[in-house]
Amino acid sequence: MPTGELHYTTPPKAAATTNNSAVVGASDEGWLWSQIKAEARRDAESEPALASYLYSTILSHSSLERSLSFHLGNKLCSSTLLSTLLYDLFLNAFATDPSLSSAAVADLRAARERDPACISYSHCLLNYKGFLACQAHRVAHLLWRQARQPLALALHSRVADVFAVDIHPAARIGKGVLFDHATGVVVGETAVIGNNVSILHHVTLGGTGKVGGDRHPKIGDGVLIGAGATILGNIKIGEGAKIGAGSVVLIDVPPRTTAVGNPARLVGGKEKPSQLEDVPGESMDHTSFISEWSDYII
Amino acid sequence: MPTGELHYTTPPKAAATTNNSAVVGASDEGWLWSQIKAEARRDAESEPALASYLYSTILSHSSLERSLSFHLGNKLCSSTLLSTLLYDLFLNAFATDPSLSSAAVADLRAARERDPACISYSHCLLNYKGFLACQAHRVAHLLWRQARQPLALALHSRVADVFAVDIHPAARIGKGVLFDHATGVVVGETAVIGNNVSILHHVTLGGTGKVGGDRHPKIGDGVLIGAGATILGNIKIGEGAKIGAGSVVLIDVPPRTTAVGNPARLVGGKEKPSQLEDVPGESMDHTSFISEWSDYII
Amino acid sequence: MPTGELHYTTPPKAAATTNNSAVVGASDEGWLWSQIKAEARRDAESEPALASYLYSTILSHSSLERSLSFHLGNKLCSSTLLSTLLYDLFLNAFATDPSLSSAAVADLRAARERDPACISYSHCLLNYKGFLACQAHRVAHLLWRQARQPLALALHSRVADVFAVDIHPAARIGKGVLFDHATGVVVGETAVIGNNVSILHHVTLGGTGKVGGDRHPKIGDGVLIGAGATILGNIKIGEGAKIGAGSVVLIDVPPRTTAVGNPARLVGGKEKPSQLEDVPGESMDHTSFISEWSDYII
Amino acid sequence: MPTGELHYTTPPKAAATTNNSAVVGASDEGWLWSQIKAEARRDAESEPALASYLYSTILSHSSLERSLSFHLGNKLCSSTLLSTLLYDLFLNAFATDPSLSSAAVADLRAARERDPACISYSHCLLNYKGFLACQAHRVAHLLWRQARQPLALALHSRVADVFAVDIHPAARIGKGVLFDHATGVVVGETAVIGNNVSILHHVTLGGTGKVGGDRHPKIGDGVLIGAGATILGNIKIGEGAKIGAGSVVLIDVPPRTTAVGNPARLVGGKEKPSQLEDVPGESMDHTSFISEWSDYII
Amino acid sequence: MPTGELHYTTPPKAAATTNNSAVVGASDEGWLWSQIKAEARRDAESEPALASYLYSTILSHSSLERSLSFHLGNKLCSSTLLSTLLYDLFLNAFATDPSLSSAAVADLRAARERDPACISYSHCLLNYKGFLACQAHRVAHLLWRQARQPLALALHSRVADVFAVDIHPAARIGKGVLFDHATGVVVGETAVIGNNVSILHHVTLGGTGKVGGDRHPKIGDGVLIGAGATILGNIKIGEGAKIGAGSVVLIDVPPRTTAVGNPARLVGGKEKPSQLEDVPGESMDHTSFISEWSDYII
Amino acid sequence: MPTGELHYTTPPKAAATTNNSAVVGASDEGWLWSQIKAEARRDAESEPALASYLYSTILSHSSLERSLSFHLGNKLCSSTLLSTLLYDLFLNAFATDPSLSSAAVADLRAARERDPACISYSHCLLNYKGFLACQAHRVAHLLWRQARQPLALALHSRVADVFAVDIHPAARIGKGVLFDHATGVVVGETAVIGNNVSILHHVTLGGTGKVGGDRHPKIGDGVLIGAGATILGNIKIGEGAKIGAGSVVLIDVPPRTTAVGNPARLVGGKEKPSQLEDVPGESMDHTSFISEWSDYII
């Protein structure tokens, strides 16, 4: 199961929306795929210079899974790891584990809904390195769980080279996750990321030393982690929490609270931190704590 | 117009030097191009192993525009976006909009003058990912303004993959801009960067949430932004201001002042911040605030 | 000599272990290479899909140097810098300077010993972009010392593009160095990194402005630098010191002390900082200062 | 049905051996594929430099069809027809039409049995351009019969470029066919080639002018056509006939007779030509007519 | 002038049709190009798997010249002669010499009219190696006449490798020429080929020894040369003549006569050879001499 | 020993000139290599568009062997046989067997002296597919003699694909051999070609059936074989003999005689054939027999 295993008594709204995803999954993907094709067709017509690209990546394929497998195979291949080999690998993974498709669909929706710069589903499918790196990770994670470590790590390495996104194959990531911009993201081996989380670029979910075992952060559902935040150690970021950009977080953050600064402090104070009303992983409100924070400014 | 539109009553010296760039542009480029060719010829003679590279990228071309188009086409191509297609795209863009050339010239000069590690113009032209990413962005921005969004975004995506520099095609960037090291730079859709700005690596000019509209920073002429600084929201960084490395800036910074820290504070205090004498975007003085700042150190 | 030239009266334990590396080097490499081949053979047998990759990169080669030259040549080539040219360059460099091999061996050991996610030497050799970028840097540094600047810079540029690791060819780096994750690392021209140092991703060893000369940090033996730390200027980080993740360091840090925060402060106070017992560059203990640091948390 | 449709009252021995190929096909292919893998494993062990090639082309695949699809996809791809697209095309074709597999098996056997220079099945599978061109043709022919002319012709064009073998997609070719050396073979649109035919290089089965319709030769089962022979027009080469090297044949050749010369004459005379005892397409006896022919030599 | 310079008092009908090609050229090309685009559009719609190919090679281009330059650049490039360089070369050639375009148009028409297997203009443009080799030759010939021998010969070499068609850059070739199948064609340095000639595969227009000077055949307008014919020495093949397949021709052949055999003899006898009624280069009647020739058959 | 083993009592003049090649070899190669570099330098200066190509293939290399290894590695590589692997293979072969170098030198001289279209040594080195195929064959033959059949055959296959020249790795070829144009040449497993032989394109030295053993032609020193000649079986073509273009030769040809036609007859008659005065393999006189042959023409 590639989804993170953090569970909370009070599920945030975001998690609820994907509760019965097993039921609606197939038709949902059907709608999305036809939408993507319609977008690509429109763009191919308006921009002949791009039509070849759109046909090879989207319009010539019969399903989202084949399109993704083709695109990732061509993006991640190298002179020693051929595109045909990777294409095969991705096709097989999608055929083996249907949750890969539903996760891709949820991630596409997350980007489209939360990122105002995301003008279409096809834009995300083709161009978002965070989305592509995450889907490749899901396949690497499947390989890892099948005890195919060497192949999982080779794939991981290609993703790290090509997208500058470094997610250990063993890390567990939920659905509806948005890696926005994504460059420089590092997620360690025992990290867990819940559903409907939004993570900006340069975010680190890192370990604490050279001892193995469970040593990376656990990110609850609906969390928002701002750009450049560094979260270290086997700590919990509670569901619906918000981590300010550039923060260095070394201790647990309770649900629905905001941590900011280096080292990170809870907005409102350690004892009685302010409670967030909405789900920051979905609202993407990066800066509402400014008014409070500005009090510290000299 | 790809140049940022921020205007100030008191233009800093840097802006002045490019005031009549329209007049001197052509001859200026001529001189620079002959300089680049002379450098490349010298290097090809002293280093036969590199001669093939220098001939294909510089010495076989008749102009800076053709050299840049060739180099970017080969750097940014992929198996689904061929080098010939991109080469055509760049050649057409340079032919359509002469300001692309003058901006490239100003950027080359900026790198040569401000970065002591830049030993020649050809070194910057061939090897500076910040310079190359910025020129590719200028072309993507031209496409964006021509309402060719899908192509602009595809080009943007290639730049983000290849150089790990993520500048939204809609962002407006002035001339004489130096992206030093550049890896991890993220510039959002409605950001504006003035003339003669210097931006180090890992700098983010980010938005504030999932609502569209004008939501990214406006960077005035002559600003210097240190490595890893995160600037969020539709705020103004006044001309000639300096942002310390690693700072997280969420509020306006007045002209010719220095903001440091996480969250960023004005050096000298909010009420009467210290005024800078020179133009930090050109002087590249990253650390003169140390003496003041060290007062905060426990 | 590619090793950093920082010398201290009390060498940390880590430096001692490599003292007579000249003597044991050859046999040590022999053992390691046979170990790597055994790992690759095992993986090729268990994972046919990866066997082709493992044979081309490791199992078909007669030595670590040839394997590395082949792998780097294929990773770093471009349409204008052919793999055969780079392969030749690497082979020649390894033949010219035997210390390149012993440094590679020491770096492989460092990754295997310090990074719990490193499950085998071959995993590091093939997949660690920090390891690969560092070995390519060592060759670029050799070229630089041979006054072959243009070629050194071209190689530097390829490493910066492919791995998003930007180490100036003139920077001097010791042995047994671990660049963990590595994305976004920037090391300036006059920086020096000692032996047995561990550096996480997004770390900057940067300069202070546009004036040339000696302007970058000097990192002592056995230092640990956490993710996202920015160290600026010609300052000394004493041997066995530790720099917290996300710190911005602008002043000297004494040996065996810990600096954290933005701006960085010494743990235990400027006057009488706490002394570290072990060598953090080897122990990789990122977070032991939390208890102390948490006192600052509001 | 990709097999030629020429039928004769007295089927030659060769045709008989493949009569119930539908029954024995699957197990036959199983044996052959395991044989090929054993050969490749032996070669990979004895020749590490080739192991990567053997794993990627043969040893990493689960069936002959996948191996062939991979190998052809990589051989025939170009910058505008990607290997992944061709790989898909071949995989689909093999899944659609099982006779493609049995024909490939029969062709492999033909090469192994008839060509003394063919030292193993894997040698033919990997290296025989005649074999590979023929299998690619079978797929192009399937596309042609599916009324997918443009794709069939694009594939045809790639085969003509890469292998210098030019077989029109509409041409019908039987099983157990050996194209030996194969360079320069040209087979026209309405040509038919029976089972167990052997055709040397530079052989032309050409048309007669610019009028469409049925205008190319029909080659019976078990025919042998020597190097450089040119056979033009809608004529019949009877089953078990032999065409001498360099011959130019413009008229029907009766079964089990030999035609030689330019223009071709029947050995033994037009009225009562000598009858062949064996099946020349299988015996590959190119020169037994020398004694007779030498009578013409001055 | 790339056209052959053979002139005859009685121009065959074929030459007449292209007499005032300078006048009708542009509109003619316009019609053809729109026809090609319409064909490609139809094929892209009916065959999504090929749409990417059709868009990149035809539909994204604004003219036949750009399409051809793109297609040839991608077909003929190698790791040491980049597609962008060749693309530039072809674009420049077409801009320099408009007769290249009109010759391409005439050659496309020749293939469409004379070859019943040519089902569309786009089929010829994309897939006919004879057509493509001939257009590349015309550009090499232009370079040769510009005294750019080394570049002309490098291009010649690529054509010989990629298409197995070996036409010396100095050879002069008229318009409306069809190289059918084309594999193995060899045309020497001082050969001249008139207008409306049709040449099958494996045809040699060769020299006579190691002495330089004018030493290759001169082929008149409207000639048809059958597959595998070898024509050696500075001899004349008169306009409207026909050379039988496999013939070896060492002496002049008068206009409108047929030469067949090895060595070639005139059909009808040396003294009073049979006169052809039509223009064989256009009628493509390869085999009408069979009835006469069969008299020689024993 | 890659040289053919045919020995004759009266060595033709050509063989004599290379008699003490072991003595003069090194200095001879030195002169030739400096000549090639001078030619390439001159061409690079006059043609900037080609300079990159000339530097990468010739001017950046320190010896003919390295240049050839690089050029062949790049020409013959594929997605499954990397250029670096082939480059290594060629470098090792040249280091192992010095006769490969002297043979390459002799072949370069042969092309330059005998082919009037060969305007420089560098032209032959870079562009002659016959020369390149022959040098690659020599390496394949070395592998074959080292009992590395699978690698030899893989290399053979690449040569057959890329150059359309099919020389079995076991065939023995002397020095000073010119394969002119070369497309379509087929040389069988047990064929032997002496020194100073000239062979035109489409020439077959073929076998006689499916029985193994010694079954291919033996070509004596100084022989000239015209275009399209087919020589079949274990027969001897005596030293200094000439085979006419398009001939089909099935019986021994005595030294210094000419065989022409299909089937081939001796010029002057079987009993007392005309004796040649010069060495046709060197004089390249293809057509001096015309006067005699024309007697047969009707």
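In this document, chain identifiers A, B, C, D, E and F correspond to the written order of the chains, with residue numbering beginning at 1 in each.
In the analysis below, contacts are C-beta pairs under 8 Å (C-beta built on N, C-alpha and C of every residue); 3 or more make two chains touch, one makes a residue touch a chain.
Keep in mind the model is a prediction, meaning the values are calculated, not measured.
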{"item": "Pair of chains joined by more contacts [C-beta pairs], B-C or C-F", "value": "B-C"}
{"item": "Reference interface D-F: repeating pair among B-D, B-E or E-F with over half of contacts shared", "value": "E-F"}
{"item": "Chain centre separation (chain A, chain E; CA means) in Å", "value": "57"}
{"item": "Distance from chain F to chain A - Cα centre to Cα centre, in angstrom", "value": "60"}
{"item": "Whole-Å gap between the CA centroids of chain A and chain C", "value": "29"}
{"item": "Chain A-chain D separation of Cα centroids, rounded to whole Å", "value": "52"}
{"item": "Sequence positions of chain B contacting 2 or more other chains", "value": "49, 52-53, 56, 60, 74, 79-80, 82-83, 85, 88, 164, 183-184, 202, 228, 246-247, 262"}
{"item": "Contact set on chain D toward chain C in their complex", "value": "44, 48-49, 51-53, 55-56, 59-60"}
{"item": "Complex contacts: residues of chain E adjacent to chain C", "value": "79-80, 82"}
{"item": "Complex interface listing, chain B residues touching chain C", "value": "43, 46-47, 49-50, 52-54, 56-57, 71, 74-75, 77, 83, 113-117, 119, 123, 126-129, 162-164, 181, 183-184, 200-202, 226-228, 244-247, 260-262, 282-287, 290, 293-294, 296-298"}
{"item": "Partner chain C, residues of chain A touching it in the complex", "value": "78-81, 85, 88-89, 148-151, 153-154, 156-157, 160-161, 164, 166, 168, 183-184, 186, 188-189, 202, 204, 206-213, 215, 228, 230, 232-233, 246-248, 250-251, 262-266, 269-270"}
{"item": "Contact set on chain D toward chain A in their complex", "value": "52, 56, 60, 70, 73-74, 80, 82-85, 87-88"}
